[in-house]
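Okay, so subunit A shows up in both of these, paired with subunit B first and subunit C after.
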Partner chain A sequence: MPTAIAASWVEACAADAIDEEDVIRFDHAGRTFAIYRSPDDDYFATDGLCTHEKVHLADGLVMDTIIECPKHNGRFDYTTGKAKGAPVCVDLKTYPVRVEGGKVLIGLD
Partner chain B sequence: MTERIVIVGAGEAGARAALALRENGFAGAIALVGEEAHLPYERPPLSKAALIDGDAPRPATILTEERLAEHGIDHVAGASALAIDRAAHRLTLQDRDPLPYDRLLIATGARARRLAVPGAGPDNVHYLRSFGEAEALRRRLSPGSRLVVIGGGFIGLELAAAARARGAEATVIEMAPRLLGRAVPADLAAVIAARHAAEGVAIIIGAAIERIETLPDGRHRVVLAGRDPVDGDTIVAGIGAVPEAALAAEAGLALDNGIAVDTHLATSDPDIFAAGDCCSFPHALYGGRRLRLEAWRNAQDHGNAAAKSMLGLGEPYAAVPWFWSDHYDLTLQIAGLPDEGAVTVSRPLAGDARLDFHLAGDGRLVGASAVGPNGAIAREVRLAEMLIGRRASPDPASLADPAVKLKSLMV
Partner chain C sequence: MTVQERPRDYSLVGPEHQRAIERGLATAKWYQCPIDRKQMKELMRRSDGPAIRDTIIWFGAMALSGLGGWYFWGSWAAVPFFLVYGVLYGSACDSRWHECGHRTAFKTTWMNDVVYYIACFMVLREPTVWRWSHTRHHTDTIIVGLDPEIAVPRPPDIAGIILNLFGIKSAIALVKKLSYHVRGELEPGEETFIPESERPRVYLEARVMALLYLAIPVWCLAVGSILPAMFFGLPSFYGAFMMVFFGLTQHAGLDEDVLDHRLNSRTVYMNPVFRFLYLNMNYHVEHHMFPMVPYHALPKLHEAIKDDCPTPYPNTLAAYREIIPALLRQRREPGWYVKRELPRHAAPLDPGAAGGAIIAAE
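On to the complex of A and B.
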C-alpha cells in the first residue's frame, strides 16, 4: 500500500462499494480519479483519465493489477501507474490510499 | 543472421513493428520508411477528433523524435519505395540510396478506393486517408456548408457525424440496401442509421450513381438513376480501401486480396513479411479462414507478430479481430467475426446500449457486437473478446442474463 505523505485525505467511497478486482470512478473538486480494489483486497487510486485519449478508466476492465482503457485497450499497472505498452506510453499518476472504518480515503496533493 | 531490418510503411503496423523489434531484443539496424513527411501517426482520429475538435488538429504521433532516437530507429520520411530487389536484398527508393535488408516488412496499408463514375475526378471528389486530406476536409466542413458522402460505411458515417458536429449539412448515399453492410450485423447497423437520421443526416440507400457534375456556381452534383440529384459544396467518397500491394506484385510475391502471407505473416519469400491492411492471412481461430482486416488493432497486433516472426520468435497469428467506430456519443465495437455465428444471443444492458453474442453451430462463441455509450459496452466486449480468444462455449442462458458477470464465465 502506498505510504506517500499527502496534503489532505478525502473520503472516496465505502470499501465494499468496489468489488474485488474492480474499479469505480470518483470525482472530486473538478478532478476525476479511479479507485481500485485488487484481487488481494488492497485498494489503489490513480488519475481517472487514460493518458492516451482522456477516456474514463473506470469504464475499463481490471484484470489482476492491470487496468485496461475501455477505448483502445491501453494498459496500466494501477498499483504503480506504469504504462504497459501500446498505445499508451505516459504513466498514470497514482495517489496514496487508506481504508478506515469501512471507508476508502485517498490522499491528494 | 539478421542484422538489418527494413520496414516499408510507417503507419500503425510499421511503427508498432519497429518498437516491437526492440522490445524483443533486436539490436541491429532498423529503417522505417514512410511516404509522408510526418512522424508516424494514428489514423483513427482522422475521421473523428481531427475533423471535430475546436483547435487546429495535429497528427496523433505514435513515435516522437525522442522515442525514435531512444530506440535507434532510423525514420526515413518522405520517401517513395520504388522496388524490392529480392536477389540483392535491397529496397530501392526514389532519389535516395537503396536500403539493404536481411529481413523486409511490407506495411504499406491500403488506399482509398477511387470512385469510378463519369465526371468524378480530383477536382470534385475528395477522399480521407491521410492527415493532409483530413485537414483539407476540415476546412471545407464550415457551418451551413453541405457535405455529400458517397458510401455508407464507417468512414462515410463518421464523416457525416463530424459534419453535423461542425454545423454542416450532410447527405449519405449508399449503393447497397442498408448502411454498414459489410461488417456490421443488421440490427446494430439500424441503431447507427437511426441515430444519424435523428441528428439530421439525410440517408439515401439503394442508390445508383450515374455521374458527378460541377455546377456553374462551383458546387457539385451527384446524379442518381431514377431519383433527384444531390447537390453539395463537398463530395467525399468513402467506398472502401484497396490494399497497397504494388511493391509486392512487382517483386513477384504471391497475392490474394493483397499480399498473401502465412500464419507467421511471411510472404512467399521467407525473408519478406507483411503486416496490416496490405495483407491477407489465415486466421488460426477461424479454421485458417483467410482474412484481410482494415483495423487499427489488427495493424498493431500484426506489427507485434511480424516483428517476432522476423526474429524467429513468431507463433501462428490468432489475435481476436476487434474494431470500434464512433458516431456522436455512440460507439460501436465488434470483436471476433459475427458472420461466423449461427445463433445470436442478446444481453440487455443499461440505457440504450445493446450487446449481441454470436455463437457457432457447435456452441463456440465466435463474435460479439455492441453499440451504445462507450462506457456502457467496452468492458463487456473486452470480456467477450477474451472468451472468443479462448475458444470458449459459454452457456447461452448465462450470456443473456445481465445478473451473471461475464468475468465469471472465464475459466
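On to the complex of A and C.
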C-alpha cells in the first residue's frame, strides 16, 4: 500500500461499496480518482483518468493488480501507478489509502 | 444522404486535421449503449482458453494445408491446398493482429504479444506503428483528418480495393513506410500519433522486418525454387482477398465525422467459418463501442445491446448488397453515405456530440 505522506485524508466511499478486484470512481474538489479493491482485499487509489487520453479508469477492467483502460486497453499497475506499455507511456499518480470504520480514506496532497 | 460533394483531404496533416479539432471531434466523447457494470465486468473477463484453442486450430490448419501444398507441389492438386493456406496466412492473420494488438485475445500478455508479432509479419504491418495507428483509429474512428485507418476514403478508389484483394496496396504502403523507418524517419503524419518515446522501437522493428522479408527471396534463390515464398511472404498477397472481403464490411460507405459507432460501423451476422477466420470482428459496432471485450464475448455483448443498435445485416451478402452500390455512388457523389437507422426506442444521437455531420445532413 502506498506510504506517501498525505496533507489531508478524505473519505471516498464505504469499503464494501467496491467489489473485490474492482474499481470505482471518486470525484472530489474538481478532481477525479479511481479507488481499487484488490483480490487480496487491499485498497488503493490513483488519479482517475488514464494518462494516455484522459478516459475514466473506473470504467475499465481490474485484473489482479492491473487496471486496463476501457478505451485503448492501456494497462497500469494500480498498486504503484506504473504504466505497463503502449499505448500508455506515463505512470499514474497514486495516493495513500487507509480503511477506518468501514470507510475508505484517501490521502491527498 | 448527401452532406458535401467536394472530395475531402484524408491526410493527417492537411486542413481537415485542424478542422476536425475545431469541430470538437478529436478525442471526443462517444456514445455508449447503457450496460450494467456487473454484466460488463463479466463480458470483459479475460481467458486464455478460447484464444489458445483458436490459435492451435489456426496453426494446425496452416500446417495441414501447407503439407498438402508441399506434397502436391508441381501439380494442380497443390492449388486448393495453397488457397486454404493462403487465406489462413494472408487473411486470418488480420483478425489475430487486431485482437492481439488490443491484448484482449489472451489473458496472458506475452501470448498476445507473440501472436501479434507473428501476425504483423503476415499482414505486412510494422508492429509499433500499427499499434499506435490503431489506437488513434479507436480514439477518432472515421474522423477525417484524424483517423489514419480510414480504409475507403471518398471518392472510393475501386481500383485500389481490387488491387488490395491481392495485397498490392498494402505492400506498397509497407515499402513506403519501411523506406522512411529504416532511415530513422517517420512518414509524414505519423508524428501525430506515434509518441517520441516509441520511435526508436519503430526504426528497429523496420530494420528487422526489412531483413526478414529480404531473406525470403534469398532463401528461394539458395534452394532454386519459389516454394519457400509460397509459405512465407507470398501468402500475404495470394491469400489476402478474404481480409479485404471481411474488412470492407466494417465501415465502408457509412457516415464520417459522427461520434456514434452505431452510425459509422456495421455488425454483420456471419457463418462460423467466417467468424473463426475473422475472430468475431463482424460484431464491429460492439467492438468499437467496448474495445475491452474480448472477441469470444462479442456475441454476448451483441445480445446485451442490440436493442439500442441498428438492425444487424443478416449475412455478408446483405452487407455487400449495400456496400457495392454505395461505393459506386460515392465515386460520383463523394458526399453521399449510407445512413444507419437507429431503432425508434434506441437512445438518439446527442446532437451536440455529432460534430455537425448529422446536423448538416439533408
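By our rule, the second predicted complex is superposed on the first by the 109 of 109 C-alpha atoms of A that agree within 3 Å, B and C clash if a C-alpha of one lies under 4 Å from a C-alpha of the other, contacts with A are read in each partner's own complex, and residues count from 1 in each chain.
Criterion: a contact is a pair of C-beta atoms (placed from the backbone, for glycine too) under 8 Å apart; a residue touches a chain by one contact, two chains touch by 3 or more.
No experiment lies behind these values; they were computed from the predicted model shown.
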| query | Taking subunit A as the common reference for superposition, should the pair subunit B and subunit C be classed as clashing or as fitting? | reply | clash
| query | Does subunit A have more residues touched by subunit B or by subunit C? | reply | C
| message | According to the stated criteria, A:Asp42 is in contact with first (subunit B), second (subunit C), both, or neither; which is it? | response | neither
| task | Tell me which partner A:Asp91 touches in the superposition: subunit B (first), subunit C (second), both or neither. | result | neither
| request: Return first, second, both or neither, reflecting whether A:Lys54 touches subunit B, subunit C, both chains, or no partner chain. | output: second
| task | Pick out the shared contact residues on subunit A: the ones touching subunit B in one complex and subunit C in the other. | result | 60-61, 68, 70-73, 86-87, 89
| request: Sort out for me which residues of subunit C touch subunit A in the complex. | output: 27, 41, 44-46, 102-104, 107, 109, 128, 131-132, 135, 138-139, 195, 197-198, 290-292
| remark: As the complex stands, subunit A meets subunit C at residues 22, 52-54, 60-61, 63, 68-73, 75, 84, 86-87, 89
| query | Along subunit B, where are the residues that touch subunit A in the complex? | reply | 16, 19, 42, 62, 67, 296-297, 300, 324, 374-376, 378-379, 382-383, 407
| In the complex formed with subunit B, which residues of subunit A make contact? | 21, 55-56, 59-61, 68, 70-73, 86-87, 89
